[in-house]
Structure formats: structure tokens, C-alpha cells
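Below: a set of structures, written as C-alpha cells.
Next come two complexes built around chain A: one with chain B, the other with chain C.
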Partner chain A sequence: MSDRTNLLRRALPVGGLLLALLVPFYLSGFWLLLGVMVMAAAIGAIGLNLLVGTAGQLSLAHAFFLAVGAYAYCWFAGAPGPGGGGITLTGLELPPLLAAVLAVATAGAAGLLFSPVAGRVRGLYLGLASLALVFLGQHLLFNLSSVTGGFNGRSVPELSVLGFELTGRDPELTLLGVPVGDRERQWYVALVCVVVAYVFARRVLAGRPGRALVLMRENETAAGVVGVPVSRYKAAAFVLSSMYAGLAGVLLAQAFQRVVPEYFGLVLSVEYLAMIVIGGLGSVTGAVLGAAFVTGLPSLLSHYSGLLTFLAEPGTSGVDPAVAARLVFGVAIVAVILLEQGGLVALGRRLRPAPRPPAGAAGQGEPGPPPDPASHPVLPPQDMTTASS
Partner chain B sequence: MTRLLELLAVGLSLGMLYALIAMGFVIIYKGTRVVNFAQGSLLALGAYAVARIAPSAGFWAAAAAGIVITVAGALLIRFLLARARGHDHMALAIATIGVDVVLTTELTRRIGPDVLSMLDPWGAATVRLGGVTVPQARIAAMAVAVVVLGLLLALFRYTGWGVAMRAASADAEAASLMGIRLGRVATVSWMIGGALAAGAGVFMSTFPSAGLDSHSSTIALAAIPAIILGGLDSTHGAIVGGVTVGMAKALTAGYGSELGFLGAGFGDVMPYVLMVAVLMWRPSGLFGTREFIRV
Partner chain C sequence: MSEDTILRVDGVTVRFGGVTALDGVSFEVARGSVHAVIGPNGAGKSSCFNVLSGVYRPVAGSVRYAGRELVGTAPHRIAALGVARAFQNLALAGDQSVAENLMVARHHLTRAGFVATGLRLRSARNEERRHRERVREIAGFFELGDRWDVPVGLLSYGERKRVELARALAAEPELLLLDEPVAGMNHHESWAMARQIRRARDELGVTVLLIEHDMPMVMALADRVTVLDFGRRIADGTPAEVSADPEVIRAYLGSDEPASGAAPSDGTTTAEHV
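Right, the complex of A and B next:
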């Protein structure tokens, strides 16, 4: 039986990947755009989950690092010239692919700059301190207008390699009778990035650094005693998570084609926190599921608002799709913390047909705290241990 | 010179309001070890209730009702979180973020594009004190803040509940073994936290601010630098931090034209810059208990 589960375990990702490769041939632009946004958000959420779920360091600064990634890409790849509102933009006009790499590095460097705080401050304190970055970031985005374009934002150059646009329409390309336009290409770029980000995070967590981070979260003193350089690891987790956010920012910028400062506010940080809590703290798969839920819900609600008659038109005082989505994920955060701290991933584990003996006790469908809650401050990262065993 | 004095007066009155908000955070944290991210939406809830009730019942009755409603809201959160007892403080803090999202979304939807007035007796009247013009509402706010904060500090120091709370915050397990009812301490802490949020919400929405709008719940976030500056678990720190933040904000905004190179609206960011600077120097704030670990 375990052979069969093993086979399933191997077949599932391959099948899923094949399906994802075929999607652009069948679905329309709306679904492709939604998919790109979900995949970009998934990358950001994986990064945040490394920090919050695994290392136990709360951060509300994720929106800031997304902004750094998105704007750094625009600045490195963008051309100087007049922007909106009488602003003269600057830009380095580097090759876009190099600009994307530099943008991710810049996000990491911004994380490193914050490491004197991120490395020394613990858990909740970091959550409060990281708020500073969101507000500072907003201030910079509005005021550093030669780089960011100020209030009106800045248009995003296409990602391209040797004149072939990876996220645009030029040159035109038709595959098996299906035109591969900008949304299709963005889908593939995002897919490659999300797979790399997913596998990398799994490897980091399954290896030595991941175990060190978990130990640090459970007992910082013990980690220090066995030789984990605690503050360096905290800072490293922060830097890695900001680089993930940077990559997510670059991809989101491609999907939006124009970046505006308003988007990168505290609300966005809270949305990313919602993703990892709903998906499952400490789990890479959970981050992806949570990203799909939080990103997908508002779009789906407004797409089907014709069918969902209880939702009001946007702009009226009733519950419009955006408000409904926010209410749902606010309630979902509370419900996950109170009822099932493992989030969607743990829910999926419960529904699995043949749970292994240790999971059997939790599989009775009774919502409640785990047997010994004191020793499991967040979620024990079972996801990772099963992956490596 | 008068300009400096005027800015200092504005900063002090604003700072006392931040001290009220910060005190709410600190009391809830000391009593329960939960950082309540929903404090901002509680503040907006109180002000919203006052704005809706005041036209029919008058300001004072509305203020009382607003405080009762906010305290009820805070207690609701407290008992919701109690269902997750045993979970760690970060998870509980995240749960309060969830509560905040729900409450803020609903209040924002109800307020819409309106700016609601508190219909308070002070209106837009001002007083001249030795060449310095100060809004009456801010003087009332300051008086209320001084009385309330003084009462609270006396409460911590001299009453049985104050001792119980300090004991619970120093070592919850030992306090519980000594017969202190942690549940009761938590309930009272949340009630005080809620009442403080409502009071601060009302005064934050009176003159010179235009009234309660859909962004008002972010006001409490500006008190977060105050609690970090002072130290999360220090009541004195909350007051010092609050006044520091108020002063820093008022002075940076007041001298905005001289500080133009920092960009427009730097006053709102200044507290956060201060906070990061203090954290680099002292990771648990100016008056916070330094964490030390016995192995």
C-alpha cells in the first residue's frame, strides 16, 4: 500500500505540471492572468512562510519587499524619459533578464539592511517593527518619483531575451494553431519561477538550515547551545524571504504592466499573512494553496457576480465582491487559528484515505488543540519531514 | 518661538492621545501576552458608535454607549481567543489580525466616503494661552488622558487587581499557582484596553481632525512605534513613547518646509524611523523588560 502511495506521490506533481503546461491552450485571458497572479503570489507566500511559519519570525513588511522587487526591475530595465504628472523618470536600460535578477538581489539587499533589527528581535517584536518598513516604503514610493514615477506609478518593461519577449506579444508566435500571446507567455514564465521557488524552498527546509530554523523557533536557547548561529540564521531567513518577495514583485509587475504605489500598502502584507495562515504555517504546499485562495477569491467573486445575486455592485454601500472576499479571508484567518492551525494542508491530510498511525489520532474530525499544544507553538512541519523520509 | 511653542503644545496633546492608545496595547499585552492588532478597528468601532448615536442621544450618552460597545467588542475577541488557549502568542496575534480585517472591512463599508462628526461640545473652538492657540477639544483630550492614565497607574500600583496583573505578567504560571485568576485578569485587561481605544477614537475624530473617515482605524497603527519605543510591557514606557511619537510627528510636520528634502508627509513616517533607530540600539525598547534566559 505504501508503494501505491509512493507512486501517487511521484505521479501527482508530474501530472500537475503537464496539466499546467497545457492550460494556456485551452483557457482564456482572464484565467491566464488570474493564474499568473496566483503563481506570483505563491512565490511571495512561500518566502513569507519560510520566515513566519518555519523560523517563527512574524513579518508585516512583505509588501515592502514586493515593491522593492517590482520597482527595482522597472528602474533597472526601464528607459529614462518623461513619466506621468510632469515627472522625469530615470532608468538604466539594462537587459530585462539581468534587471530581473538584479531586482531580486536588490530585494535581498534591502532585507540585509534591515538585518540589524531582523537578526536581534524576536517573533512578535519583529512583527511590530516590520510595520516601519511598509510605511517607510510607501513614503519612498510616493516621494522618490524619479525612480518610482510617484503617485502615477511607472510602466513595466517587457521581460525579453535577445529580442524575444517572454511576457509580451513580440515577435508573434503560434503553436499548434494557438497564438501564444502575452498572457500565455507570462503563464509559462511564472510557472517556471514557481516550480523553481517551490523546489528550492523544499530543499532548504528538508536540509540542515530548515531543521536549524525549526529548532530555533521551538527553542532558541537550545538552538544556540547545539551551535546554530541564531541571529545569523534569523537574518538569513529574513533575507531569503525578501528575495522571494522580490521575485514575486517582478512577476506581478509583468502581469499588471504598470506598478502604482497604492497597491503595496499594509493591506497587501496582511493578505500575504492570510495566505500562509490559511494554507498552513510552515508548509510550502500550504503557501501555494493559500495564495490561490486569497488571490483567486476576489477575482472569482467579481467574475461570477452575475450569478451571485447577494453581492452588491462595486461602489454601492452593499457587500461588493471585494468586501465579501476580505470578510471571508478575515474570518478564515480566525477560524484556522482557532480550529485547525495546520490550515488547508492539515485539512487535506485529514481527508487522506489511509492516514498513518500517528496521524490517526488527529483524524477523528474533532476540531481542537493538538495533544500537547505547549510544545507545538505553531505547526509542526510534518510536511517537510514526510518529504524527506 | 511661538511657532515652536505651538508645535510643542500640539505634539503634547497628540502624544497624550497616542499614550492612551499605547496604554491599551500594553495593558492587554501585560494581562494576556497577546499583541492585539485589532486595537485599531476597536478604536474606529468606538468612534463610529458615537457618531451614529450622538445625533439622537447627545454626545455624552453616545460616548458612554460607544465605550460600552467597544468594551463588548474587546470581550468578544477575548473569549474568541480563549477558545484557542494553549496556542502560542504569535498565532493569537495573527488571529487578532483576522478580527481586524473583518471589523475594519465592515466599518469601512458602512462609513463609505463620508466623514462622520462626533457632535462633541467643543466643536472647532480654540483657546489662546500666552500667544499659543490650542483647540479646546485637544485640551479636553489632554485633561481626560492625564486623569485616565493617572488613575490607571494608581490602579496598577495600589489595588489588588493591579498586583494580580503585574504578577500575571511577570510569571503567569507562578501567579496562577498563588491563586490569581488569570481569566479574570485577562477579562479586565481587555475591558480596559477596549475602553481606552474607544476614548482615543473619539478624541482622534474631534477638531482639528475633520471627523471619522474610513481610514481612521490606521490611527492606532501610529501608536505602535510608541509601544515599541517604550517597551511592549511597560506602562510608563507607553506614556513616554506616546508623547515622544506625538512630539516627533508634530515637529516634523510643523517644520515640513525646512525638511522638504525628506519628501512631503514625512511627519507620518518619522515615528517609524525613530522606532527602527531605537530597536537597533535597544531591542526591547527603552523601558521594556530585557529578556534573559536561564539555561
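Right, the complex of A and C next:
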């Protein structure tokens, strides 16, 4: 039985990946764009879930770090010149791939700068303190116009390697009779990034840093006493989470092709919190599911608004697709909190045929066998030094 | 400090606002001994442990451990010096398995950071495997081998107490601080736990400092007992000496007329505790 579930466990990701590789050959631009946005949001949500779900530090600043990633990329890679509204833009014109790496690093540095605050306040207070970053970000995006382009925003240079555009359409490329244009290429770039981000986060959580973060969330005092340098780990969680947000920002910028300030407001932070709550706090897979749900729903509703006659046209009175999506998020969050706090990922676990727990493990509250010292294997004390060296 | 003294607590005073939780407490713990700190509720026992593990900073006094000053040292550095602590009210991660709850105690013995773990570098993999093997042995020592992959939240209370103790030992400590290791356990479980504590001392050479309410257990287990009452040390000696001490008997059974020596100097402190 365990062999079969193991096989399924291995086959499922491989099958999913193959499917994802084939998608651009069959689906239209709308679906590809939606997919890129979902994958970018998934990376951002994984980062936020590391911070909020795993390390237990409430942050409303995620939109700020997304903005840092998106705009830093544009500034590092962009060319100086006239922007909209009589603004003269600056830019470093670095190779785009290097600019992307630097943008992620910049977002991480921004997280590091904020981490002294995160080390001192907790819970709701940290949430409020982080809120300040969103407003600071909005102010900077509108007023630091030589970098950000101000109100009109800034166009996004394509990611490219040696003249081959990874997210544009130059040079033209046709694979098996299917043109591989900008949306197709963006799909593959986002896919690579999301897979790397997913695997990296899973491994971190399963290993030494993840265990330290979880204990820190459950009991900060105990984490310190057990040997975890608590303030350093809080800072590390903030930096890692911001770097994920930065990467998500770079990818979103590629999809939008123009970054504008309004997008990176408080609502975006709240949407990311909605993703991780709906998907499942502390779960990497949950973050991906939540990102798909929260990002996908408004687009799907407006795409099919012709069929959903109860939805109003955007701009007219009544419930338009965006409002309908928000209502659904609200209901979903309340439902998660009341019914299944593990979110979508726990719901999925319930639907799956449950593997039988190991013998005796299911007995909640049932006392275990009385410890019998006589039958214990003896622990040789000299092992202590060899094992720890 | 003599060779066979592992811990010397000297004149430690802890205050919270107007309340004096510990008032110039001093005692010494001999290397390789089982030393008990007892006293009625509010006597300052847990405050004492919080000073030893670096959670509280006393306003006065010093704590010397193996030649080092612990006052002013951060909790995670004290852990790295070889002082481990099992909490009274179970500070475990409930949705994590027994394995993960024990492995976290190896934090100061291991190196793998975010990058090495995320990229699964060879160094991180080897380290993880080596320490997992050793921690599995420790789990076996506490009869937790068959619970290895079970989330701690699904275990019985007695089992979780054992996980807490096993986690402290998984840090490979020289000094083990146990805060009421048998609180809430039934008679059978308590004595099994007592045997395990004694074996930890005998086989691993760990020095044990424990807080306990269960008097028969203290008398059977401890080599030496320090008695606290209202934040002051009122007795220190072998279990037999301490249990015959009139002041100890008064502290435990109560008395209408406090003897001059036992009365706290600060009247408000008394009021806070009664």
C-alpha cells in the first residue's frame, strides 16, 4: 500500500510538470497570461506564508516588497530617457538577467532593513508597523518619479539572454508548428521560477531552519532556550520572504509590461494574506493553491461574465466580476477560519483516501505503553561527543 | 569554584515591579548529582529556572556554570554551553512529528543554514542524516521509537512529557533543567519517568537540576534539595535533613505565627503571594 502511495507521490509532480510544459501548445494568450500571473502570485504567496504561516510574523507589507522587486528590476535594466508626463527617467541599462537578480537582492535588503522592527514587535503590532511600509511605498512610487515614472509608471524591459528575449517575442521562434511568442516564453520562465521557489521552500521547511522557525512561532521562549537565535531567525524569515516577493514582482512586471503605483497598494497586501489563509497557513502547497484561487477567480469571472448574467458590466452599478470575486474571498476566508483552518490544502488531504496511521498512532489521548526501563537500549555516553562533532 | 561544582547560583535577586520573586538565592549543584529545588507555589522556582536559562535577567547576583557567567548571556548561547531545559507546560510544536520536535534540539550542534538546506547541499544532507540517527536512539531510550513520525499533538499527555524530556536530552547537555517532569502524570508514569531521569544521569553523566512538587519522588530521586519559600532559600541539604527541618515543615504545612527568621523582610511581598 505504501509502495503505491509512494509511486503516486513521485508520479504526480512529474505528470503535473509535463502537463505544464505542454500547456502553451494548446491554450490561448488569455490562459497563458492568467497562468503567469498565478505562478508569480504563487511565488509571492510562498514567501508570505514562510513569514506569516511558518514563522508566525504578521506582515501587511508584502505589496511593498513586490513593488521593490518590480521597480528595482525596471530601474536596473531600464534605459534612461523621457518618461510620460514630462519626467526624465533614470536607469542603469544592466543586462536584464543581472537586473532581475539584483532586484531580488534589493527586495531582500529592504526586508533586512525592516527586520529590526520585526524583532521588537509581535502579532497585531507587527502587522500595524508593517502597514506603514505600504504607505511609504505608495508615497515613494508616486514621488520618486525619476526612478518609478511617478503616476504614469514605467515600461518593463524584457528579460533576455544574449539577445534572446525570454519574455518577449524577439527573435521569432516556432516549435512544432506553434509560434512561441511572449506569453509562451513568459509561461516557461514563470514555471521554472515557481518550481525552484516551491522546492527551495519545501526543503527549507523540512530542514533545520524550518524546525527553528516553527518552534519560534509556537513558543518564542522555548525556541531561544533550545538554542535558536530568535532575533536572527526573525530577520532571516523577513529577508527570505521579501526575496520571494521581489521575484514575484519581477515576474508580474514581465506579465504587465508596465508597472504602475496603484497596483502595489494595501489591497494587494490583503490579497496575499487571503491567499495564504485560504490555501492553508504554513503550507507551501497551500500558498500555491491560494494564489491560484485568489488570482484566478476575478479573471475567470470577467472572462465568463457573458455566461454569468447576474454579474454587471464593470463600471456600471451592480456586482461586477471584481466585486463578486472579493465577496467570494470574504466568504472563503470566513469559511476557512470557521470550518477548516488548514485551508484548501487540508481540504485536499481530507478528500484523498487517508493512509492508515501507523499502528497505535491514531489513539488520541490513549496512553502509550508504560515505559519499561529494563527493555531500553542502553545509550553509550561516549556517543555524545562523536555524534555532535 | 571547585572541580565538582557544575553550577553556582550566588545571591540572585529577581523583581517584577514591586514583587520580589527571588531574594538573594544561593546554592550549588554538584557535577553528576540530581539536585531538587522545591517549595510551595509562588516560591520562585520557575523564576529561578528562567534566570538559569537566560530568559530573566536578575537585578543582582551571579550564576556561574562551568567557569562561565550565565547572567547576561542570551538563551541560545546558554543552550550552546550545554544547558538544556524541559518545560513544565510542554513547549512543543504540536503539528510537527516527534522526530522534528527532537531534531530542533540539535540546532546548536548543527550548521546547515537556509541556503544549504534549500539547495540540499551534500553537507546539509549528511549532517541531517547523522543527527537523525542519533536522535532516533534518544527517542528509543524514551520508548518513543514507534511514535517517530506521529505529530506530537496526537500523543497522550504522558507521551508528550516524555517528548519534552527527550528533546532536552537530544541537545546532548551537561546540565539538564527539568521543570516539574512528572506534573499531571499518574503514579505509574511518574515512577517510570523517575527511573528514566536517574538513568539519564547514570548512563549519560548528565547533571540534573529539577523542580518538583511530588515529595516522595524528590526524596527518592534527589541527592540534594534546596527549599525556596517566598523567593528566599529556607533550607539546603540532603533529602533527610531537609524533610526534618522545622522551617520547611512550616512552609509546607503553614503556621499561624511565622517565626522571626522565616518572615519575609518586605511586608508587601508577603501580601502579593498569599
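In the analysis below, the second predicted complex is superposed on the first by the 354 of 389 C-alpha atoms of A that agree within 3 Å, B and C clash if a C-alpha of one lies under 4 Å from a C-alpha of the other, contacts with A are read in each partner's own complex, and residues count from 1 in each chain.
Note that contacts are C-beta pairs under 8 Å (C-beta built on N, C-alpha and C of every residue); 3 or more make two chains touch, one makes a residue touch a chain.
This one's a predicted model, so the numbers in the text were calculated from it and none came from an experiment.
Of the two partner chains, chain C is the only one that A:Gly227 touches; chain B does not reach it. Once the two complexes are laid over each other on the shared chain, residue contacts for A:Ala201 go to chain C alone; chain B is not touched. In the overlay built on the shared chain, the residue A:Ala236 is in contact with chain C alone; chain B does not reach it. In the superposition on chain A, contact is made by A:Pro209 with chain C only, not with chain B. Common to the chain B and chain C interfaces on chain A are residues 221, 225, 369, 373, 377-378. Interface of chain B with chain A (complex): residues 35, 80, 83-95, 97-102, 105-106, 109-110, 112, 218, 221, 224-225, 227-228, 232, 262-266, 268-269, 272-273, 275-276, 279-280, 283-284, 291, 293, 295. The touching residues of chain A, when paired with chain B in their complex, are 52, 56, 58, 116-117, 120-125, 127-129, 131-132, 135-136, 139-140, 142-144, 220-221, 225, 266, 270, 273-274, 277, 281, 317, 319, 323, 326-327, 329-334, 337-338, 341, 369, 373-374, 377-378. Interface of chain C with chain A (complex): residues 53-55, 74-76, 78-80, 84-85, 87, 91-96, 100, 103-110, 112-114, 117-120, 124, 128, 130-131, 133-134, 137-138, 140-143, 146-147, 149-150, 154-159, 162, 167, 171-172, 188-189, 192-193, 195-196, 199, 203-205. Within the complex, the chain A residues that touch chain C are 200-201, 203-204, 207-212, 214-215, 217-219, 221-230, 236, 240, 282, 357-373, 376-381, 383-384, 387-388.
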